[in-house]
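In what follows, a structure is listed as structure tokens, so that the remarks can point back to it.
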Amino acid sequence: MIPDLTLELILYSTALGLVSIGLAGLVLSRHSFRRVLALVIAEAGANLMLVLAGYRWDAVAPIVTTLGKQPQMVDPVPQAMVLTAIVIGVGIQALAVSILIRIHQRYHTLDRNEMAELMDAEIAATAGTARDVSQESPLGERPIPPITGSAVQARGGRS
Amino acid sequence: MNEHLMLTIALPLLGAFLLPIIMRSSLAMGVWIGPAILGYGCWILGNLWLHGNGQPFSIAIGGFAPPIGINLYVDAMALLFAFATQLLGLIFWPFRLDQDTPKRQALMLLLVASSTGLALSGDLFNLYVFYELVAVSTFGLIAASSSGAAYVATIRYLILSGIGSVLTLFGIALIYAQTGTLNLAHLAQLAPDQLNNDLGLAAFLAILIGIGVKAELFPVNTWVPEVYATAASRLSAFLAGLVSKLAMLVILRLLLLIFHQPEATQVILILGILGVISGEFAAWRAKDMRRMLAFSSIGQLGVIFIAVALPDERGVLAVLALSLHHMLIKSGLFMLADHWGGSLDRLRGLAATSPLAGGLFVLFALSLVGMPPLPGFWAKFTLITELAGQTDPLYMIGLLVFLLATVIEASYLFRVAAKMYQTKPTENVRINAPDSGGLSLTTASLFGAGLIAVTVMVSPLGEALQAVAAQAQDVDLYIQTVLQQPLGERQ
Amino acid sequence: MAPMELILELTLMPLIAFLVGMMMVLMMRRIAAKIQRRVGPPLLQPLYDIVKLHSKRTQISHGLIHDIGIIMAMGGYIAAETLLPVPGMNGIAEKGGIITLLYLMMIPSLGLALGVGQCANPNGSIGIARALTAMLAYDIPLVIVIFGVAYAAGTTNLVDIIAQQQAGGFAAWGAVEMPLLAIAGLIAMHASLGKQPFEIYIAPAEIATGPMVEMSGKYLGGLFVMQCFQLYTTSVLYVSLFLGGGTTWFDFLLKSFLVLAIPVSIAYLFPRYRTEDLLRLMWKWPVMLGLIGVAFVL
Amino acid sequence: MILTPLDELLLFSGATLLVALILGRGLAAGWMVTILYGGQLLTLIKMAALGYSDTIIHASINFEIMGQSLSWRFDALSWFFALITVASALLSSWFSCGEWERSFKQHGGNIWLYHSAMALNVFTMLILLASGDLLSLFIGWELVSWAGFLLMAMAGGVATRAAMRYITYAMAGGMAVFGGIALVYVAAGSLQYEAILTAVDQMSTTQLWMLVVMFGSGFGIKMGLLPFHLWQAPAYAETPGPGSAFLGAISSRMGLFAILLVLVKLFGIVNIDSLKIPFTLIDARDLLAWIAVFTIILPTFTAMKQNDARHLLAWHGIGQGGYMLLGVVVADAMGGAGGLLHVFNHATYQAALFMAVTAVIHRTGTSDLNKLGGLVVRMPLSFVVLLVGIIGLAGLPPMNGFVSKWLVYRSLLNEGMPLLFLAAVIGTLGTILSVYKLIHNIFLGQLRIEHEQVKEAPWSMMVPMLILAAIIFITGLFPGIPLAWVASVQEVIGLPVTDYTLGGVESVSGSLDMIWVIGVLFAGFGIGAVIFYSAGRSKRVHQLDNYAGGHFLSADVRYQYSDNFYAGLMHLIGGWYRGSFLWLEKSVTSLVDFISLVMQGLYRRANAEFYLLSTALFVIAWVVI
Amino acid sequence: MRNLTGLLFAGGLGFMLLSIAINLDFGTPTMLIGGAIQSKALQETGATNIVTSVVLGYRGIDTLGELSILFAAAASAGLILGRRHTTAGTQTAGGFVLRHGGSMLFPLLMTIGFYIIFHGHLSPGGGFQGGVILAAAFFLPLLARPGAQLHHGTLSLIEGFAGASFVLIGLIALQQGKAFLQPMLIQDTLGVLLSAGTLPLLYLAVGLKVGAELASLLSHLAQTESDV
């Protein structure tokens, strides 16, 4: 059979499309649960890519059914790897969801920006520092202390 | 004997699985299991280091000859980092006892096991698995501080790390599709023919960005400040000190063995430079100790990335020296942060109440900025002489940025030091974690003592590191060690 | 050179300077009188003045530094005279040179400043502040001029500078070779004499004669002596630099008096400058002339 | 193992540090440390042969670290600077013994830290001076920087802030040097002086330029060269008491030492001279000379506006550094000698001046020039020391400052550099103005009523001050003594050697013999005294027995003319003080602040995914396209 | 604006990667390792399902790592969500069909799950797949009866021992002088249930472990609807 160019293209673009959709979802959506879902989609794309790497025309699943002459089999290694990757993905997603549950309980929001704001405030409060948000009166001491006009006058020096 | 090396990964895993069960029946026995396992691991690795013949060797897991099965590649560099992992795991062991102890300790064991695996593994996909295990156990441990901020920091880290994984996996898929193998030695053999092209480069960059998340590579390191600020200090110390270095090690290995393209080093160099700039400048304004250390860590890792981009043996030496130095210093500093906690303003006059801590801070800071007899100087010296020797003007920029960053670093570190030595304490310093206050100071002193010991022995250590670097840099040695006979099926 | 001869020179040179200086004071006062249509003092009037001041009864001292200041003021000039060659006598001019001379001429100012400072009179202090400011004003063009001359001669040795000019005759005179420098030098010299319109630090109407405010009797006498030396030193220096020094005493003295006559004649025609105007004036024209002159020399 | 004299010196110095560390809290700590400094000085004198020849004494220790060999040795250059260092440490330490120590402790000072910091400074400076290769030079350099930081910061408060500013500058300098060393290493393949000497000839112009800029600015920061001078005055001025004398005398000269060693000896003035700046007529050497000249003028005129004695002196310290560099850069026999001799001379009078001011502070509690006056009657010896010091500082005969400045002027004259010459003289004139203000406002004029009972400084302070004053005068009278050392230094660093005599310099184009000059000067004073005292006795009256504006003065009326001393001058040039360098410093700080803000914003407002995505896109796109 | 950029960037990245990936040989993989494994797997592991021999044999350590990840995820979730579960009563109970259907499906799912696990080395399937089904078997009743609880102690016991036995099997091999996780082959006829040496044992451990982990994860998620 002549390798079908379109099939190849379709499969690859499906895999990459999934990754792209996932990435776009991660960038675009603000709701964290959606972002986790987007991550799942992207992972699916990567897994698909991995499986495609082991695909072989005219081959059967890598299970020995008859002894003696073996038919052509697809590469078993990517399959094993995908199996691993999927389970890893599941673990991470479950963890992500459990964290999201807690966040929702604490902050009552899953919006990315609101979450970040609240987190920042909490970190600052724990550390005991003022939050450095105001552009008008930036906080923080300079290592080279600025010399005030009055001090300059008092020293009588300017150079 | 060599086979026992496997125990350094297997035993922590076993311990982690059994720990919750054992602890349920006997807490007293349970608390000693983790330290015992890690101590044994240290002993194995130390023994190997002392009694080994200095030649790298390879362990085939499951007895399958390397290109087919997975192998551990043990050279001096791997051994060094594996040992550091076990040792730091022991030092930063979460002793705290409460209802979550079993899980926390189990996660810590997993973290150590996987970090060791990351240092030793010789298979691309296996590295990915260990990398993910590091990630997941890290998430658990960060979130274990159970503040809202920690949860948010974790989820942000998790998502970023997740995208990183996707990209890494994608890169691995590309490489596998191209070469049909995952073994690093085998890949190294094939790379000049098959990966020295756009595809190989794209795969590497995807992996770089993916693993870079952990290695605090410039634009994907935004998790760093918040995670280090919210996680327990001991964990932050472990993460900043060790885990980032291991990710760096993986990148270094891939770069050395497989991806020799100049574009690859250029990308690393540029991102490293940006990392230095962003980290050090951000640290300059930081107002609490943890975040300052986190930003400074980003800057330091940027410096190490610059070193990674250096092509030859002295470059590897610089990476090793800088990594080990930073490991020592940052761990110590985070321990001090644990001891003090909180905002920098509260440190005013602190040296009077706790002179040891003040002295340690100054010592660490001096070494960090590269005050000569201290080891930091030698690491930086190696780096800059190597940087200056490159013809590409980009390296020159790297050199200048590095120098500038050091000035800024000195400025903000000694601003803190000066504050500490101010005569009048304005208020009583709040010790953040009362139960670990003494412990963390002791730990910090340990690192301080280590630093001084290294200072004294800098000459032999430098030579030893040079040998390590030479070994790590030798691609042929790697291939020969792992693939003892050429593969029949090679096309 | 025989030591005896040298010692003789070293004693004679200040003595001559003193005598000539007194004559110069006399000339100055005579010129002033002429301009102001007065008769003017008799020949020995300066000497009378000195003797009178030194023999006064009430001699108020404000302390040791007050005394030492006056001594330094006189001593500095006395020493300076030995560095200034006159016809037939070189003194130790070859061991110092023009830069040393220039700096020795600052010693009297310093001495005066110390002495006045001890008096704790604010007018005196203001006067000194002004005097030092004036020094800053006129020394800048003066230094340019001296640089130009010394560079042109290739030496800082005054004896050599004079010898070079004399060897070349009139055409080799500094004033001919370096007219711009000569003009700048003249202006700077005028200012350094502290005569009108540059007498900002005396300024009788403003700060009650400034440095002199607490001086009486021998103190003022010392200052009088100093002034004699000052007039002499300044004019002889100018003559040495620009007018070929003196081959004989006659032309030497003639040149010196003539040179001095120029600023002195001008002096009584003008009112006083303000401090900053003096600075501005000094830093503008003479400096510009001097720099152009130096550019020619280089 | 046989110890070489250099080993002995370093061991002695280390022992001093140890003693200070261990016994620094004890009663007689100051004396002990002082005696040990004396021991160091004796060891140095044992090595005096170095000062008269171009031999080298090696230290027995040397290391081999990471492929770099480190060694230490002394030659005439090191010996010359070491002599100044140890001597000023000895005198400063002597000064601090006894009464000053006690009062320092009473005011809450940490005397242990003071002694240790001083000993550490001396020790590190000796290590720097002994450096036998570029790497040990850098190690010494950094050690000296941090030791200086310790001494400057120890007073707390304003001093700590000044020290912070210092360390930021010093780090910047250190890093510039570090980068330079890396470049040299690459070019020469080694950091040994011999290797560098041979490599310099092969270097391209660009390489040499970079090296000159990096080393020049790095070392220049320590010297307080423009535009990196802002840190120095406050840092030195705020250092406690004798510490400021020590720092002012020698600390920033370490920069000059390094410049001499690296730029002059290793790179060679000739090579620097060949570096042309495009589109202008000047080259790198002219640039250095002009920097030196501006370093003379601007800080000197800044000093004139200071109202604190210590700040005034510290600003002058910066300005005087310019003369040294100027002389060295002109680099003919006289210029080099002048620059080097000025190091010695400056150390003597600057230490004396700082000590005198410290003595005044010790007695009156202030160094504010508007709160002092008339102390000459109460502290006559201090006055004499200060007078000798300011005459030296102003560079007038008969003190030693005159000789070195004369040499510098002469070299400028010989080389035909009118503008530099003019600028140097302007600096001297400015110095005269401001030192008169110093002595007038402290010792002359009206004695304040609260200082009526002030006593002369104690002998523990007075003796070192008088010794310094004597040195200033004697080396002014016999400049040949230090010139002998200077000549061998010139030989060592490859400059033409000056032809010196005991009394000065011999030269075809005009020589100087200070013995004669001072002789006639004192003879002149003698004649003046005879004339003066030949008149009748004068009546000693109270200081306030005079009139001002037709009104008598009384002690309760403050009638001292001290503030805005040079009002007329300032009326004209006051507007020229633009604070440009402060502005520059502030704008750099603000720039760093701003970038820092941006970077923090980058992390705080992080849209991490977006960063990741765009980075991935860009790098992959770069590969594909 | 940012949305647009994000979209463009994501699309652009996909396109770029595609333009690289399209150059790969599709359908004719090099199979350097794959080929070698295919030819050796039967002799070396005795499993007819070559994927199984890869998962448990050639890449056994990956599987161990993966189990650890699951364990870590479950432990982390446990750490995060804690032990407070107060969901009882907040959800309406399932109806009759749901409850009894769940109960009836339980043995069925258990059977299928174990079947898949035990035949993992022979046919498609294996520990992961079977483990997930086991988890579903336990989870189904939980959905049907919201008040019901899984016994966490038992679960953790299972997950601990299952994981430990995986490691221990590997260590036994090490103890016997072989490599860690080396399959201990008992020469058997290919293709029967009791073949392939230790592989089925490993798969059993994997299956139990996966099942227990997933069950505990799910129950954590299900039971922690609200706290505080």
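Per-chain numbering from 1; labels A, B, C, D and E assigned in written order.
By our rule, a residue touches a chain if its C-beta (ideal position, glycine included) is under 8 Å from a C-beta of that chain, and two chains touch if they have at least 3 such contacts.
All values reported here derive from a predicted model rather than from experimental measurement.
In summary, no chain was found to touch both subunit C and subunit D.
Annotation of subunit A and subunit B: jointly contacted by D, E, touch as defined at the top.
Set against the Cα centre of subunit B, the chain with the most distant centre is C.
In terms of the distance between Cα centroids, subunit E is separated most widely from C.
If you compare B-E with D-E, the chain pair joined by more contacting C-beta pairs is B-E.
If you average the CA atoms of subunit A and of subunit E, the two centres end up 23 Å from each other.
Each chain gets a centre from the mean of its Cα atoms; for subunit B and subunit C, those two points are 79 Å apart. Once the centre of each chain is set as its mean CA position, subunit B and subunit D turn out to be 45 Å apart. Distance between chain centres (mean CA atoms), subunit C to subunit E: 107 Å. Looking at subunit B, residues 125, 129, 132, 136, 139-140, 143, 151, 156, 159, 163, 167, 170, 174, 177, 180, 182, 198, 202, 284-286, 411, 414-415 sit in touch with two or more other chains. Counting only residues that touch two or more partner chains, subunit C has none. For subunit D, residues touching at least two other chains, in rising order: 161, 164, 168, 593, 597, 600, 604, 606-607, 609-610, 613-614, 616, 620, 623-624. Pairwise chain contacts present here: A-B, A-D, A-E, B-D, B-E, C-D, D-E [touch as defined]. Residue ranges on subunit E touching subunit B, taken from their complex, read 16-17, 20-21, 23-25, 29-37, 40, 44, 57-62, 64-66, 68-69, 71-73, 75-76, 78-80, 83, 153, 156-157, 159-164, 167-168, 170-171, 173-174, 178-183.
Those residues of subunit E that touch subunit A in the shared complex are 2-3, 6-7, 9-11, 13-15, 17-18, 21-22, 24, 26-29, 31, 33-34, 37-38, 41-42, 48-51, 53-55, 58-59, 62-63, 65-66, 69-70, 72-74, 76-77, 80-81, 122-124, 128, 190-191, 210, 213-214, 217-218, 220-221, 224, 226-228.
Against subunit C, the residues of subunit D that register as touching in their complex are 373-374, 376-377, 380, 383, 387, 391, 395-397, 402, 406, 409-410, 413, 416, 418, 421-422, 425-426, 429-430, 432-433, 436-437, 439-440, 443-447, 503-504, 508-513, 516-517, 520-529, 531-532, 534-541, 543-549, 553, 559-561, 565-569, 571-573.
The part of subunit A that touches subunit E in the complex is made up of residues 3, 8-9, 11-13, 15-17, 19-21, 23-24, 27-28, 49, 52-57, 61-65, 67, 70, 73, 75-81, 83-84, 87-88, 90-92, 94-95, 97-99, 101-102, 105.
Contacts from subunit A toward subunit D in the complex involve residues 23, 26-27, 35, 116, 120, 132, 135, 138, 142-147, 152, 154-159.
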